[in-house]
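Each chain gets a letter, A, B, C, D and E, in the order it is written, and its residues are counted from 1.
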Amino acid sequence: MNEVSKTVAHGATHANSPIFPKLAFWEKIKKQRAAKLSLVVLLLISAIGIVGPWIAPYDPTESNYEAFLQGPSAKHVLGTDAIGRDLFSRILYGTRVTLVVAVMAVGITVSAGTMIGVISAYMGGFIDHLLMRIMDILLALPGIILALAIVAALGPSQTNAMIAIGISSIPSFARLIRAATLVIMSSGYVEASRSIGTPSWWIILFQVLPNITNVLFVYMTLFVGGAILDTAALGFIGLGAQPPTPEWGTMLNEGKDYLSDAWWLATYPGLAITIVVLAVNRLGDALRDIFDPRTQK
Amino acid sequence: MKQYLLNRMLSGVIVLLGISIFSFALVHFIPGDPVRIMLGEKATKAQVEQLREQMGLNQPLPHQYLTYMEKAIQGDFGTSLQTERPVIVEIMERFPATAKLAFAGIGIAVVIGLTMGIIAAKYKNTLLDFMLMAAASIGLSLPSFWLGLIVIMLFSVQLGWFPIAGGTGWKDLILPACTLGVLSSAMISRLTRSGMVEVLSHDYIRTARAKGLRESIILFRHALCNVMIPVVTVVGLQIATLLGGAVIIEQVFNWPGIGALAIRAISARDFPMIQGIVLLMGFVYVVVNMMVDLLYGLIDPRVDLITEKEGR
Amino acid sequence: MDNVLEVTGLTTRFSKESGTVTVVDQLDLHVKKGETLGIVGESGCGKSVTSLSLMRLLDDNATLTGSIRFNGKEVLALSEAEMRSLRGKEMAMIFQEPMHSLNPVLTIGRQISEVLHEHEDESKAAVKQRVLDLLTVVGISRAEEIYRDYPHRLSGGMRQRVMIAMAIACNPSLLIADEPTTALDVTIQAQILNLIKKIRRDIGMSVIMITHDLGVVAEVCDRVIVMYAGQAIETADVRSLLRNPKHPYTVGLLQSTPRQRTKRLHSIKGSVPTPENKPNGCRFAPRCDRAMAICWERNPVLRPVDQHSSCRCWLFTQDKDHEQESSVIGG
Amino acid sequence: MTTPILEVKGLRKLFRMKKGWLQQPHDVHALNGIDVSVYEGETLGIVGESGCGKSTLGKCILRLLEPVQGEIRFQGKEIGKMNKNEMRAVRRNMQMVFQNPFETLNPKLTIGHILTEPLISHGIPREQRQALLEETIEIVGMSKQHLSRYPHEFSGGQRQRIGIARALILRPKLIIADEPVSALDVSIQSQILNLLQDLQEQFSLTYVFISHDLSVVEHIADKVAVMYLGEIIEYAEKEKLFGRPLHPYTQALLSAKPITDPDDTREQIVLSGDLPSPSNPPKGCKFHPRCRSSMEICKVELPKLSEIEGQSVACHLYQSFPAIDPS
Amino acid sequence: GTLATKPDTDEGKKDANISEKKGGTITVAIGSEPDTLDVHKSTALSTEGVALNLGGALLYRDPQTNEVKPHLAESYSISEDGKTWTFRIRQGVTFHDGTLLTAQAYKRTFERAMSPEIAPKGVGMVLGIIKSIKTPDDQTLILELNEPSATLLTYFTSASWMQPLSVDAVQKFGDQYGRNPVGVGPWKIDSWKSGDSITLIQNDAYRWAPPFFKNQGPPRPDKLVLKLIRNPQTAVAALESGTIDIADLPAKDAKKFKNNNRFTVLEQTKRGLGLFVELNLNNEILQDKNVRKALQMAVKKEAIVQSHLQGEGIVADGPLPANLFGYDQSIAQYAYKYNPEEAVKLLEEAGWKLNAQGIREKAGKPLQLELLSMEVWSQPAQLMQGMFKAIGVDVKIITLEGSAVDQLTAAGTFDLALDGYVADDPDILFPFMHSTQIGGMNRSAIHDKTIDSLLEKGQVTMKSDDRAKIYEDLQKRAVEEAFWIPIYTEKRFVVVNNRVQGLMLDPSGLKLYQDVWVK
């Protein structure tokens, strides 16, 4: 019988993708040009987020009293703002701020959303009902209004904006995770695991969680895009990061009054936001394609 | 069917109740004493206290909540602290503008989104598809206010084609509605495309081909109907959100809708107004969702109206 | 000759990211008028791809070579529009999964009448009447009711009947049935097989019955092609195939079927190779008990063994040094 | 054989389909008073068409589903009322092999992990695990190199072997196999059937073997129970049942089974009508709408399982006139 | 006070007499919407500019002489003790609803404003000084005051807050009166679309314009649309596209219209401080005068004027602006000037030493302050933050809504706060600086005997020279103590489309449409 199995094994392994699924993932990323590009862009942007302060030519909060509202020039590559700060330096510094806010907000969403989603799906019954009704209620309040109210309650600041954005997208995330968990829960291997007598926590930890990580990852990227936009939107209505923090949305807000006099003030932060969100979204798309079994031939 | 509607209404009421409690609590945690705000800086402590007493703000919160709800059920949502007009009147004055914007925006979004999605799916993996979806991705990545500002700059200021001073006429509607529409269409077109691509790979499409049907029939009769469920869901959610005010777009385009009212109410700590708006939004959300659910049944006969849908 | 369908050298390739794979390899077959041809083989051997190739229903990444002559026309040379008028009208198909092969959002009536509207110029009322008749023909009693119903409310057997009604709506000369009963219960399977037999007799059409179940073959087929890894390895009339199988694979297949009341079943070692991973010589060699040296080196051709059957095996090839060349198949 | 290793009495399971909040719940009677018993070393085959409750029965025995009523005795002990911990101990001796080898293996875990899971769950000391693992994987005809691989790297047949190894690794007494070969090709199916038979001899296992394929059951089982809509309608030694089926349904089932014999001249009994839905079963004998020998009484009264010459059958034909061969 | 008038264009001059046409619509941008047009209940500043057109005042201030003269009162007299004021109400004045303006109407208006339910919200507070109102006949209104008041007289020149209301209408409309105001003014309310616009139509019965207007009859245009446009950028675009005719714009935006011959830009220096910083004297750090002085010297006000106002503003040295009565011309000599070195020295003296992070600290406590700001002042706030940083003071900006700022300042939980005021009279400093106003507008919590007594004297001294002297002393004291950091006085810019002619601004910037006509 050993002999048999060897030939069988030979037949099977050869046909399929490489030994480690992780490898396959990178292979696939490499194959998708858009994914590769967005990954490179994101890595670059993250790098800027880290080293920005060192490569920035000026202090982002220091005003040059001689150079208010100057257009792009050799001295100030992207120009200066209304109070004479170097826009390029501010955008560089802002990268970190913006990314941190978005990532932390998504962190809140993901941790709470996953917990609620998994628990809801796993426990079922009354708890499921209760949690989902609460999510319904939160969902019925439009995100930005909820965020507005939270910021109004806690006072405007970067941290509070983060919390507000994070909280306001918990319900959608929880629902998505719950749906994904339900699929896993009804899968054969969870049932098989239960038939062996495996305890619940083990099943959640080793059967459910590893199998929703793909989904989690994909949703996460999608939510990061949303979070950056929301951060910017809160900044835009003056409830985000507080001046002089160089957060992109806040910068856009400051620039909106100078659209006709100093186009660069609103244009560059706007572009920066769009590029990052675009990169994140495209990466999310690529990840979804990669992880979605339907698109795997 | 009746039973189902009843069920939905009941759960809708529960959600609304939840919203009312939640918003009531939230509103009272927002710092800023409404009475102080109403009376201004010059008021004395005694005056403030007196008015608090008058307004029942000294009562314990649960008591205040119950009083509020008792009236709300009778259609009395209190009066705005700012304008002293009934909240419901204020909201209803703004609602038509918001509804106009929401429906126009969604209408545009649906037309653009479906067209783009279907074309992209039909020419899957071609340059056209790539370009359409790239456009959609950009649409999803644009900050709405930025796009709004640029649109104003371009079409009103530079070209002078459209007025911008936030009237509520049809001409005023074009820019904000298009901005909204373009932004929302991104999501719809992507959904439509992925839905179409998936549906086109289904066995029944192969069956339809095996029957020798024309491509247009396959695309529009056999495929599109099956794609409508996620599209309708998203459109429903968007309508619900927009009917609660496209806060940012209203702000940018000076549109006199609920969103602008909401921002003003929040900054003025106009508690009854905030509460009224939140409740209205909840109500709209619940109603729209209910209609979406009913639509499901019309679109897809498999959706058993009686079963509870989950994971939406 | 009264062949409805004549296929020679049909080869189907798919281009994939990893290169092209040949899924159907130099397949020859023909179907006489009124005859039922069975195609059997294990999962993944290319049965469905063959049937879809015949209808030209494969995705864009497939390339077809060879020749498919249907009622004298060369199918591979037809334009897409001509192909469309062929499908559903002269050549119809039913699929394995009755659950998924009907559009869930359209009524049964609509889905059947569509075919008639597409291919025949008849008034709405006439079409409806014909659909109702068709439904009755395939043994659906409450035709009026089912006409207005949606697929999800029908059982598997009913749906398969609807599929059949749809396929025979225009009295096609060839019906291709791709595992039409695999997803059904035994008692229902018997009903459906009986129905197909009856309709074939009534309207005198030819049938290609694709299955992996030798029992089904025994029940309905006149002639059988056994496929293995994209190739026909044996073709014979049904009686001689089941009574006197030639190819070791066919033999093994028959012996693995648990029908003898022996304690141990015969089993074929190993598993079917995937299209990307085919052996160089005879494709069955790695699993064959009687494999010889030559089997590992060169792939034999399909050649007649006796008047009833042809076989692709070195055991039945006298001149073992004969080069592999374009094959002539009998049948 | 004194006491059966597994004894099921009057087992009932209904799925309450609660739909809306205010909706009257309505019930699907998946199991309607099932009595079966299995003796050590024996194989009990359970056949029946899709949806008749075979899987539900298997899962209820393992208490993956909670039965509504009835007794389940395993090795003489009633397990229906056991708590989680007691049940876990029982599960060591009672394992399951599932139908779909593709779905029952977690794609994110290596085979080694998958097979260790039961060992950890049942507190097998770490030192013994590796040995058990290697021994078991070889018993099912694979090698220990395979332990570090992921499920997607294996063929269907191999995956089913892994499934069997998982069931076997705790050396249970009873294995419930729910359609273990239905998803496999004929040539692979025979490999697995042979393996199951070998293992039965080697470990004196007891099987409850669920299948819709009569040929497979005929091949492997000692006793066969035929189910129809949540009930056992016939139950006998394999030879008796296949030699002389009593129930009209069993007869139809046997005759509908396609046989690879072109000269087979047996008369086919083609049933009319579809399987009724279990949520809305016919009154009286559930088979009567499709039965050729249906009588008036069949529409009203549910026949009881009664024994005729060592063969149990639930049919009115035999209740009034015992021991008469119909047809 | 100067009245900013639109200089007649050449073209305008030519046919000034013949072409003051009737008819047409003027559209004016307003930056925020009134809460209600019931002037007794409104708490919004934006109400004033609208209500002004609907009403009239007992008195008016002559733009040339700055004298207070009777208007809706034909004449008035104030008794010797200053406590009895007698007004003779003009005859033939009617409300929009046709009712006649009488002394009773005034009485009922004032009584309504003073009634306990309404008083706390609005103008009723100022009227609190009135003891009793008598109306011996239809034309005579006698007010008995508790004490003499210089300020009340100024108040009576306000055509918005102090206008007579048709009490019939008040009763008729009840709660809805705020939407349907009825006054005696040149304009009547036509419609109010929430969040969008308020439309006024000309009152053709109007014959009682103040004498300084050329046009004494009803306004010439038919319609006056007050359109809500929050964002100045939108207003700019709307002006350019012709959607609106008139808008108040910030300096940088107004600049663009200066050289545009389609538009005229009216300029006016605001009376009041556009911006100053209040230092919370309850804060331990800020109780040290040296620290306060150091902060004063750290601020480069010119830079703020340059960036925030595009240079269109005047650096302020003291609590009063140069164009207000009582301004001390010599203030420049003693005011603290920008001098960061000196500031550093002062801080060093006060014991605040630089630490490793470049922040000063004393006894381990860093020199950290919170600056309360509102969004409009974001730029000055950030600039100052940088300036303070330069002398080692760490300032954190907290941007809040106006109402939230009020909340915090009332509670005294802040260190520095940005503020501004507009006023016609130096008495404005009373609420800002008098010790009785702590917890109210006296955010700095100034509790200074000298200041208190000067403020009190200022209120009751009626003689101009004496009064001016009082405020000069006050400025010396306030500057010396460095309670505030005065920053600037700003200019107001009103951009007018040339199709609209004859617009005037009153000293506080309110637009007067009486002489306006549309080409």
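Definition applied: contacts are C-beta pairs under 8 Å (C-beta built on N, C-alpha and C of every residue); 3 or more make two chains touch, one makes a residue touch a chain.
All values reported here derive from a predicted model rather than from experimental measurement.
In terms of the distance between Cα centroids, chain D is separated most widely from E.
The chain with its Cα centre farthest from the Cα centre of chain C is E. If you average the Cα atoms of chain C and of chain D, the two centres end up 32 Å apart. The mean-CA centres of chain B and chain E are about 40 angstrom from one another, to the nearest whole unit. Computed from the mean C-alpha positions, the centre of chain A lies at a distance of 47 Å from the centre of chain E. If each chain is reduced to the centroid of its CA atoms, chain B and chain C end up 53 Å from each other. For chain A, residues that reach two or more other chains under the stated contact definition are 4, 8, 11-12, 155, 256, 259-260. For chain D, the set of residues that touch two or more other chains comprises 155, 157, 191.
Among the residues of chain E, those touching two or more other chains are numbered 231, 233, 236, 404.
Residues 202-204, 206-214, 217, 221-222, 225-226, 299-302 of chain B are the ones touching chain C in the complex.
By the touch rule above, chain D contacts chain A in their complex via residues 62, 64, 87-88, 91-92, 95-96, 98, 100, 102-109, 113, 117-118, 120-122, 138, 141-143, 146, 149-150, 152-155, 157-158, 161, 163, 166, 170, 191, 195. By the touch criterion given at the top, residues 132-134, 136-145, 148-150, 152-153, 155, 175-176, 178-179, 182, 225, 229, 232-233, 236-237, 249, 252, 256, 259-260, 266, 270, 273-275, 277-278, 281-282, 285, 294 of chain A touch chain B in their complex.
Listed in rising order, the residues of chain E touching chain B in the complex are 29, 35-36, 41, 43-44, 116, 119-122, 125, 175-176, 178-179, 193-197, 227-231, 233-238, 240-241, 243-244, 401-404, 406-407, 410, 431, 440-441. Contact residues of chain A toward chain E in the complex are 61-63, 65, 68-69, 82-84, 155-156, 238, 242-244, 254, 256-261.
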